[in-house]
Amino acid sequence: MQSPIPDYLAETLGDIASDTSGALADYIPELAAADPERLGAAFAMVDGAVYGVGDVDTEFTIQSISKPFAYALALADRGFDAVLAKVGVEPSGEAFNELSLEGGTGRPLNPMINAGAITAHSLVGPEGIDATARLERVVDGLSAFAGRRLMFDDSVCASELEHAHRNLAIAHMLRSYNVITEDPATVVEGYTRQCSLLVTTLDLAVMAATLANHGVNPVSGERVVPEPVVRQVLSVMFSCGMYDAAGDWATQVGIPAKSGVAGGLIGALPGQIGIATFSPRLDVHGNSVRGVGLFGRFSSDMGLHVMEVPAASRAVVRSNHVVGEEPDAVRVIQLQGGIRFAGAERVIREVTDTAPAEHHVKLDLTMAYSIDDVARRMLLEIVRRLTLDGHEVSLIDPEGILAVPISSA
Amino acid sequence: MQSPIPDYLAETLGDIASDTSGALADYIPELAAADPERLGAAFAMVDGAVYGVGDVDTEFTIQSISKPFAYALALADRGFDAVLAKVGVEPSGEAFNELSLEGGTGRPLNPMINAGAITAHSLVGPEGIDATARLERVVDGLSAFAGRRLMFDDSVCASELEHAHRNLAIAHMLRSYNVITEDPATVVEGYTRQCSLLVTTLDLAVMAATLANHGVNPVSGERVVPEPVVRQVLSVMFSCGMYDAAGDWATQVGIPAKSGVAGGLIGALPGQIGIATFSPRLDVHGNSVRGVGLFGRFSSDMGLHVMEVPAASRAVVRSNHVVGEEPDAVRVIQLQGGIRFAGAERVIREVTDTAPAEHHVKLDLTMAYSIDDVARRMLLEIVRRLTLDGHEVSLIDPEGILAVPISSA
Amino acid sequence: MQSPIPDYLAETLGDIASDTSGALADYIPELAAADPERLGAAFAMVDGAVYGVGDVDTEFTIQSISKPFAYALALADRGFDAVLAKVGVEPSGEAFNELSLEGGTGRPLNPMINAGAITAHSLVGPEGIDATARLERVVDGLSAFAGRRLMFDDSVCASELEHAHRNLAIAHMLRSYNVITEDPATVVEGYTRQCSLLVTTLDLAVMAATLANHGVNPVSGERVVPEPVVRQVLSVMFSCGMYDAAGDWATQVGIPAKSGVAGGLIGALPGQIGIATFSPRLDVHGNSVRGVGLFGRFSSDMGLHVMEVPAASRAVVRSNHVVGEEPDAVRVIQLQGGIRFAGAERVIREVTDTAPAEHHVKLDLTMAYSIDDVARRMLLEIVRRLTLDGHEVSLIDPEGILAVPISSA
Amino acid sequence: MQSPIPDYLAETLGDIASDTSGALADYIPELAAADPERLGAAFAMVDGAVYGVGDVDTEFTIQSISKPFAYALALADRGFDAVLAKVGVEPSGEAFNELSLEGGTGRPLNPMINAGAITAHSLVGPEGIDATARLERVVDGLSAFAGRRLMFDDSVCASELEHAHRNLAIAHMLRSYNVITEDPATVVEGYTRQCSLLVTTLDLAVMAATLANHGVNPVSGERVVPEPVVRQVLSVMFSCGMYDAAGDWATQVGIPAKSGVAGGLIGALPGQIGIATFSPRLDVHGNSVRGVGLFGRFSSDMGLHVMEVPAASRAVVRSNHVVGEEPDAVRVIQLQGGIRFAGAERVIREVTDTAPAEHHVKLDLTMAYSIDDVARRMLLEIVRRLTLDGHEVSLIDPEGILAVPISSA
């Protein structure tokens, strides 16, 4: 049997290929010379499976898609307080290259607009790092997200630097507010290099899947950034990733996303999937026309909306029965699935509703495959309380899911 | 054994009670006369369990918390196109009573600011409905969300109407753009009545849980609005529910939420829980001080952040083994848990990787408890393809989860 | 001989008549039904001479041209402090019907936008006046500016009231800030009536000339408002009268001006002339297309730019000579023209430079025709100082210009 | 006799000296080290007389007061079209260092804000001029306005350049819109040098008087810029010179003005006077506290408000009488004063009202001292028409004022 997923991707790409609207970015010759017909899409699952159809091996510059990843590195390297002091998390409702600085402080509204991204770039690496070492850290970090060594496109970079007036304006303005504290031209050069890293659609899908997989690259297995950083990055992508069309995207597509001017577009649905598309023609917001179309299809075809989560707690209690007869009767409560707060609450209710008469109570986790931190604490609290009530309690946990957090940030 | 959940709630309320900062809303005497010390919090689970601690039976006016529910009714009654033509979904970054109309069209930026909420109110019920019938529909609808008949606070309503200059200004402005098409004063009166509905903290928790439970009231079992409406409402609450602090809330708390000037605050985490708090002292944004504090605690203590979803797909394939010997050997692939796109993808991979030599293939869903639409289609596609390859395929589905969608909007 | 001025006006109107661009205001049927070809222009000199060519007797509604006059009445009736507390004087750079309220206070930025004009209307008459009496005061006041009793166009007024949503919005917003303190609907009705007063182009020219003539109607001789009020009104017209094109108008035309949506346009050049034009087709700013064209011609043809004032002081000292022989020699300093600060300064210099040796000094004002307050004080100071120095000083002032201020506000 | 004008200045300075509110500019050490008690004021009359009291010989940097003069040079060197294409004339209502660029084009709103002033600097001199030559042209031009060679303060300039982040940001932004077309850093350096020119209060008074005197330095007699340029500059100063307090200044003081951060303040009242004050403590708008106070006093004490112009036309016709008897009777119309449009109109009226029966008509200009272009044309038209009517007309013009324009731009 052949997997139907590549077939699905191929069919969807075929449908979208007829849309030749939009225009290539043309502010530098290198982008204007791209082949407008290129089209690719890739899925990377959180367990490392990767599907790609179309031009998924074609390299192009990452551009603004580097923003969430560099922001993640800054958060990881400097901590939340230091980064939040310099870059906000509020949607700007404005185009990517608007200043959008907070009145008074000059703090960029969020890290997805250029002002915030330039600032975030300046915060990668430990305090006091020099520009060369910082850029190395950026390349290392983004390469870790992608799972392979990324290289620069020097000619795109050189050309962008020649047309960097607006970013230089932004950087000087940030410098005037002490939001950045180094030479503005140096920071803009570093940021421009960051944007000129070459990626393929497959790379981007893996990078997105690393975000979807709480910071661990699902292919290489490397933890790239801690889990709280990922939560922050995904939240910001959700409300600010698509610029002035953020609200439409959040409601209709519902996947934290980021686009780049070279035609790339990524989305990361936590716990499920990383998606990337590539098609160079852009709409008026600067997002890939076909990329936006593909994501709309993916979201609606596959139920990939962040607000569309099934009621997972229901079936956590698989069974509740008594084995044996008094005085050796054992109350067995059998759990299943992944257990989070809502599931653990259900277990608590089962126990309190049952008010087990049996001396021996057994919580059987054999069929459960994951448990998060709060649920673990809640189960242990059940054990403690039952014990206090005079019960003898045993936990059946053959896979040891109680022992080790599934994710340790 | 006693449930630890009320204990947790009581402890958290005890911690927050010492925070007496903030001030009562004082623009009408009725709100200024509230008891500032009132404090309550409630959880409503998506299977109908409800926990409440503190003043959870005290009635207060729903105020702006009515906004997402009336918006949901408008979407259900008029359809997405009609409502989106009149109210946008973009964050405004502004206070609740700012005009925040889109340039040119006069369309309010989103339904969580007053301009958008007044417009949404005017869109409840079928086109052409009169003001009285529309208000009845609002009361019926919000009562269905709460699971009990809600009543007006006439004196708060009367007092609000006396101070409704700003809302009247907004309504006349909307009328000038033909965003609302009826008499502005009548619409404002209806909206003000909507805001004066009396609720308890327990009511609000159930209302939130109805959103978390894809539109079905988990206590009464009534479907109040279709599932796509809920997805839309939750998305908008996530990016616009907390006004000018939306970004901070989205990153730090990560629960779609809405606050009211009488001190109420709700949050709905899809698939998991509805939360409500009540404490009348407000911060500068108009949000309940202690309510914001409690939600911060709940989110971090219980892992209730919308971007914090565990990788649920991993263990969907419970086992893959052969039963019996050739020529009667049967390849059995045993599934478990809730199956969505990422889970179904995993199943596909299992099948294609295995490339079963056995003539007979059995997909065993006995231990699976839910499957969504896309996953159902994907499993059936597997069956189809295996059959085309010459296999005999059987589906073991004792609970019939393949037969009926878990949610049918 | 026939005056060339009507010929000049006729020729200029002939030139402009070919411009049929622009469109009638169409938000009410009454304005949309105007004859678009109507064209008139009138000059009213500050000594009461009036020239008119074209449709200068056609009546039309005054609309926004009533704004500076009602503002003048409010200043006269309530005093500067009371009015400035409610309406600012800053340009808004926005269209006439934008809110343009000052952050925090809700004070309209200036009285030429609707928000400010509605507020100014509410401030006409003594505090506590009722709406009927206030409207009477407005009609009386504007009639005094025009020099004849003005009447309402009831059908335009009724139609405007039906479409007054935006002004009602503005008035409710002003009420919410306590900028207006009465029922918003009543104030809007009064303001709308004010705007529906019928005027001819000749009326408007006289109204403008009353402003140019420091508040005295040059035809009727009636003082309508005090001089400081006029200075304030003209300053505000100069910077705010033409909405978002204020700067272009100020630099290119340089005449304090105000336009109305029915096609009227006035300009007042202090000390020189009141001008009015009438042509109903409007440009995108809502100003009469041909009116703007005519004013451009008038300003450049006739040197009517407020920043183009000749150096008038030069020739104030007509002669400085000695008559007779010592010991009866008399130093005669002969003055001429209109004497203001700069002229009086020149006289002082003449006296100090001359350091007259003669005992007798005669200041001859026979050929001077006006002197303002500061110049009068300066001349009297010269007399005092010369006297202190031992001179005998005589003032020759056959027309008594030293005795009575030319304008007493 | 001693002139009372220095006495008046000294008394007014004495009154204002007690106001020690405000604070020194402190963004560079050089400005923060200024002596805060320095106080000076000077008047320069349009015929070259200069009065100064207090610290009028102290040198300080011209700073933003250079803006109107450099703008004048740009208009003179490149023409109106070229300059208006790059810098607007609309008030911004914003602080001096706000971007205030026109949406879409990036054109600075006006030349009094930094963005517009940097652009205006870049437009001084012929197209293609290099930075060194342009700066020389700026120094030459400003020196011509002042009537003496101005020098740089190199240490202030160097210090400003170290803190020029915001101006560099503005310049890069302007470069990104092609509003400036040269290297942003070079333009900012030139502009900063321009701002570091050293002037005294006396210099500034003469510079202002050059504007008041239609572009001719009244001390040196040199024409520095053409008259239309001055009209443009004064108009822009009137509406944009005092930043966000422009409207208050326009109404209350009514003198086109400009302030500098080193404590200077100038005002130019066309046809009358140039005024300068110096006191380094600044208010929140960045204007000299005592300077603003002094200008308020000067305006109200001396009637120096641009909208306060006396009705000069009245007495243009000095007499109208017949000399001799028929058939040799001569109708003599004797004119006096300065004659502009309104005066010439009065003459026309005199002639047409008189409808002279006498064959011979004599227009006697002996007592008139000036006539502008339009009035000249109007008088000649009278002559032409009377001649056509069969009259013999003679013009008595002993000073030849009909022959040569008083100002030839």
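Observations on the structure shown:
Which chain is which? They are A, B, C and D, in the order written, and residues in each are numbered from 1.
The rule we apply is simple: a contact is a pair of C-beta atoms (placed from the backbone, for glycine too) under 8 Å apart; a residue touches a chain by one contact, two chains touch by 3 or more.
Note that the structure is predicted; figures quoted are calculated from it, not measured.
Of all chains in the assembly, none touches chain A and also chain D.
Separation between the centroids of chain B and chain D, computed from CA atoms only, is 64 Å. Between chain B and chain C the centroid-to-centroid distance comes to 61 Å (mean Cα coordinates, whole Å). Centre to centre, using the average C-alpha position, chain C and chain D are separated by 22 Å.
Multi-chain contact residues of chain D, defined as those touching 2 or more other chains: none present. Annotation, chain-chain contacts: A-B, A-D, B-C, C-D (touch as defined at the top).
Only residues 1-5, 43, 45-47, 49, 88-93, 109-110, 213-214, 227, 230-232, 234-236, 238-240, 244, 246-248, 250-251, 254, 256, 270-273, 301-315, 336-338, 340-342, 345-346, 348-349, 351-352, 355, 367, 369-370, 372-374, 378, 381-382, 385-386, 389, 406-407 of chain C touch chain D when the two sit together in their complex. Those residues of chain C lying in contact with chain B across their complex are 99, 165-166, 168-173, 175-176, 184.
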